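Multiple structures are listed underneath, in structure tokens.
Both complexes below contain chain A, partnered by chain B and then by chain C.
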Partner chain A sequence: MDSAKQADESKKGHEKPRSAKDRFGGAIFVVGSLLVALVAEFLLPRLIEDSSVRNILMTICCNAVVALSLNVINGMAGQFSIGHAGFMALGAYTAALIVSAMHTSFGGGTLPPTSFDHDYLVAFGHSFAIVPVALLAGALVAALFGLLVGLPSLRLRGDYLAIVTLGFAEILRLSVATTRLGNDETVGEAVHAIGGPNGFFGPVFHVGSVFLSSLGGKKGYSGPDGAGVPLYAGPFWVIFITALVALVAWRLKFSGWGRALRALREDEIASEAVGVDPTRYKVTSFVISAFGGGLAGALYAIMRDGNPVVQPDSFTFQTSFDAITMVIIGGSGSVTGAILGAVFVTVTVKLIELVQHADVVQNLSSSLEAHGFSLDLNALRMMIYAGVIIALMVLRPEGVFGEREPFFKKRMRTREGAPA
Partner chain B sequence: MSALLELASVTKYFGGLCAVSDVSLAIKKNAIFGLIGPNGAGKTTVFNLITGVYKTDKGTIRLGATDLLPLRPSAIARAGIARTFQNIRLFGQLSVLENLLVAGELTKKAGIFSAVMRSRHHHADEDLHLAEARSLLEVFELGDKADDASTSLSYGNQRKLEIARAMMLKPKVLLLDEPAAGMNYGEAEGLKKQIRWLRDTFDLTVVLVEHNMQVVMGVCDEIQVLDHGEPIAYGTPEQIRTDEKVLAAYLGDESLAMGQGTDVPAVELPVKDPNAPEAHS
Partner chain C sequence: MNGILAPLVTGIAQGSMIALIALGYSMVYGVLKLINFAHSEIFMMGSFFGLFALQHFAGLNPVLATALAMILAMFGTSLLGITVERFAYRPLRGRGKSSLLRITPLVTALGASVFLQNLAQLLFTARQRPYPRLFAQTRPLIFATAVVVMIALELVVKRTWFGKAMRALSTNEEAARLMGIRTSRVIGITFAIGSSLAALGAILYCLDQGDAYPTMGVGIGTRAFVAAVLGGIGSIPGAMLGGLLLGVLGELVKFSGFEGSVDIPVFIVLIAVLLVRPAGLLGSTRAEKV
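And now, the complex of A and B:
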């Protein structure tokens, strides 16, 4: 049979010419999003004067990063992580600390509003030093914790990851929210249990609790002088980073690595039999996912028009659950789906907030309170999610898009490439 | 010549049940080695022990000079052992071609960073594997189904796809677990040719678990028979065909005799009910 010869020939001639789209697609996408982001940086404050509307747009971007990163471990690898908020918190606090420190070293003060004047351009220039460092540090810290959490729990089959990630996120949040110096009994007890303040672990504990208590506890961290974290990441950074994350998520999915991950999700025994080491692939994808979660949290913490205080309450189980909802609604494993899910969830949350703060509702709420009732429309959100998820379970159990990428028809085939 | 794949006194218990009891095999390079026995004899378990899916309780398993026992399944695949599964295990959501490409991961040079940067190495890997996968699909006459969902294939084609996927690893040893199950006479004849051709072309050693005697007697150089986990006979197809212990184990001799002529339709051996209570003493 001549197929053997065929196989030989294919080995020699494997350097195929590729199309311009294949070769430059990625570069064009990056340059394109750079331009769009740059235009948005200067135009957005003029086009949209209401900062709460700008906030929604920016939050959508951050949440897209949240969903895209969680999609790697939950959707592509099929491992259930329910503590994504923990990694976001790590990224957020790290970035907030770094931005504050760098801002101080650049002279401090309040950030000027967007315009073409000298002050703003200087601040924008500084952001090119500050933002990348802060984002990268936040993401790396989260990735490191991802490795620590993932390595022991992903070696085991089953649902350990879910339990461990949930516990991890809550421990982290509560440590930040509750550690206080001096009169804190929990820390004091722990120090004594390990050998007292003079034992080996005493100083370690002391330094740890000094650090944790400097994060502002439940009220949150609001910069070195309490004036708020300087929000350096304007539309330029938020949009550009989101676009980069989408590109990376896309390329990860459509790579041999992504394929192996999907295979692992389909059949672990069969993928081992073809040489895919489950632990290695799962841990890598978990670390990547944590990296992305940290990046999203960091972006969130230093996003302009966002909250200048990083609070533990922004990273509760609710946040992790929202992230899971984004991935499930869009379709586990779909990059496009994750973005769609992020848009849906963000808009839902913000709409409910708007309604909650509307005069009618406020009046109703206060008159109800007089009778001993309370009105929290946040509960609506659960009803909406539940409704949408149940409807999906009936109509499209695999999410809106399943694993597919609806606007890129041929992509699921094997001839892969970069978007744009 | 010493054996390429060597099992020495391999034993495996499942709770109180001894699924594989003191089995020793010495499989020579380029052999097509048959491993047969009634259902529940422990054949699949032997494969699972070789590939590291189960841990061996006693004995040793070596591939050449490599001790396979401490290796994880993925490392055993890397060492050169590929397999198919009795109850087909394909990657359902992946296309036919993608099923093969997953097996290419093992030999790729570019890492994950390369993939994100879409570096030259990444493309070189992908193109190489794509070409290899396509030519393997041609070999197994699945070329026109490359982009179909793997679950949409017929039973026989799914089995062929599993073999193709295993061959993508460029293995030294190929373990086939009942590849002819569900195949008709013509397909089984084709399979025989394919097994021989694979052995000759890729310098392969094949271990074949099969109930279809038309295939077993037609291609195997040597055969080991298991019953209740114990080795009961070893020899050439001719010797096995007339071995009394083997005939007794299969509860009747007709079906074995029927495998002699190639023009006789494929006949499955009478099968013991695997769920029947084992004779415990």
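And now, the complex of A and C:
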């Protein structure tokens, strides 16, 4: 671990208990994380030379946002969404498109390496115009789709939300991955038959399919000129946004809104009787969750030391399942639990990627393949996770921490003792 | 008009296989009110069991070999289905309906699905394994099997003691137990029947379409699941109807020259149906559920 990250965490640890008494706790936290993030922006590349290690740290932050946002709907609201990757994909593609466009309008070119020279500072200055717009746009597009998906399906029985979110995520991924233009720039003979680009319905399909096929299909979107999406979000943005999201998630949980949501989860009829409108609260929480998912996807797409290509394969069902694992292992409804779950899952995923490429494993794998088996460590990891999750649900359905917030015991007690 | 006939026939053949798998989803949902996400992986396992059996009986008469392979694969998947039920669903039963416990069965179902898929990945490797080409024409076999199975299942559910127990369980589990029905045993047998139908569908599918591979359950299983929801999850004729509709839809989409994946219209249909008629085409709150 690097000292900047530790400083960040210890700062949070010292600040939180005071913030319960201090009315300005939130503001102090924001300013504190702003400073930590600013220091990290300039020190992190110095302290950690290896960009793959920096990538792990940044991915942890992104996944924390993923887990925190999924926690709102899966943990606090007690619904079950299994298509969070769909919202991440929406955010990622939106952000990538916007960043690419704005980068071109700022003059284009490759982003300077992380040094203290003039070019770097100019790019850092530009990021203040580009990154907030891209992140906000990505999150808003995801939230809009969240509303479209959530409004009808949250009126139905709980399982239907699971199916619809899964279907939604798959439609998105497959549309981006498989849309190709055939004759007359249409996606099929049927569309061609109703008029192609010039007919009555044609133009709608035409614009849609031209746009979808411009996203690069299965290979992924790598900027307008194919040189890769300019990765503007340095450690400053990633750390600062993650801290903000954590603060918002914390505040949401202990707000009246969060309490209403938990009441709804415990007993829908009883809470309806005391004036909590189930559909409104469920849809709002779903939209917030989608917003967070879009934000995480956007951050993931433009994060420095990350992948400059936005690929549909990054947003498969496995991504959604990993997000669910983060929330469930940590404890559904717990903010700290979600963050710890994200750290745990990200670190194991990255470790396994490293180990899989080691020579010993490669040799063992090839010798096993001769016997008809395969040593796919990622498959083994997924199997173990699935086993752990089943065992957890059987033995301890509330997750490791349940709804508690470890490290923040004092606040929990005072808050829970307070009248609603 | 002649051109559209071929995709229609192919679609009905595809649809019958999808319907066989959809029945498993529907039966389990009828009894437990649980979406058994692991069912698609049981289908995948069934195709591997069938493949190994067919390889073992390679020298025999093709009809005999297929029949033996079907029986063995059905037996294998029944055991697997019972095991999944025993470890992932039974411990959760009778815990009441409070707070987070409502979504725990969905989580374990999902976990069981991921577990089986990755287990197959490890045991059988990710490569596609071709099925032997035993029959020049597989469609008569598919139609015959599907019709026989549907009639047999309808008879079991309507005419036998076990079917009565299943229907009782579906109406009210608590009351059924109080009336002396061994609910755990009935649920176990339901899983066994559903899983063996998945194996049957898997072997027919592979004889018709070709390869077995660990992720095959995702595509076909999802389509079967959509068929079950489309027809009205919990109803046997609904699963059949949903399967046929979906099979024909898939072939018509291909016929239209659509360049994208067939799963896109499949999911769009699913969401549209759920929005307009959440209980599915034949399902309703008062309909008799299996």
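Miscellaneous remarks
Convention: the second predicted complex is superposed on the first by the 354 of 420 C-alpha atoms of A that agree within 3 Å, B and C clash if a C-alpha of one lies under 4 Å from a C-alpha of the other, contacts with A are read in each partner's own complex, and residues count from 1 in each chain.
Quick note on the criterion: a contact is a pair of C-beta atoms (placed from the backbone, for glycine too) under 8 Å apart; a residue touches a chain by one contact, two chains touch by 3 or more.
Worth saying up front: this structure is predicted, and the values here are computed from it rather than measured.
By the touch criterion defined above, A:Y385 lies against chain C but remains apart from chain B after alignment on the C-alpha atoms of chain A.
Contacts of A:H357 after superposition on the shared chain: neither chain B nor chain C is touched. With both structures placed on the common chain, the touch criterion links A:A273 to chain B but leaves chain C unconnected. Of the two partner chains placed by superposition, only chain B is touched by A:S255; chain C is not.
Put chain B and chain C next to each other and count what each touches on chain A; the higher total goes to C. Of the two partner chains placed around the shared chain by superposition, neither chain B nor chain C is touched by A:K218.
When the two complexes are overlaid on their common chain A, residue A:R396 makes contact with neither chain B nor chain C.
Once chain A of one complex is fitted onto chain A of the other, the partner contacts of A:F317 are limited to chain C, with no touch recorded for chain B. On chain A, the surface touched by chain B in one complex and the surface touched by chain C in the other have residues 265-267 in common. Across the complex, chain A is touched by residues 35, 87-88, 91-92, 98-104, 106-108, 110-115, 117-119, 121-126, 218, 222, 225-226, 229, 256-261, 263-264, 267-268, 270-271, 274-275, 278 of chain C. Residue ranges on chain A touching chain B, taken from their complex, read 1, 3-4, 6-7, 10-11, 13-16, 18, 26, 248, 251-252, 255-260, 262-263, 265-267, 269-278, 284, 403, 412-414, 416, 418. Contact residues on chain A toward chain C in their complex (touch as defined above): 74, 78-80, 82, 152-153, 156-160, 162-164, 167-168, 170-171, 174-175, 177-182, 187-192, 265-267, 317, 321, 324, 328, 332-333, 369, 372-376, 379-380, 382-383, 385-387, 389-390, 393-394, 397-398.
Across the complex, chain A is touched by residues 51, 53, 72-75, 77-78, 82-83, 85, 89-95, 97-99, 101-106, 108, 112, 115-116, 118, 122-132, 134-136, 138-139, 146-147, 165-166, 168-169, 197, 201-202 of chain B.
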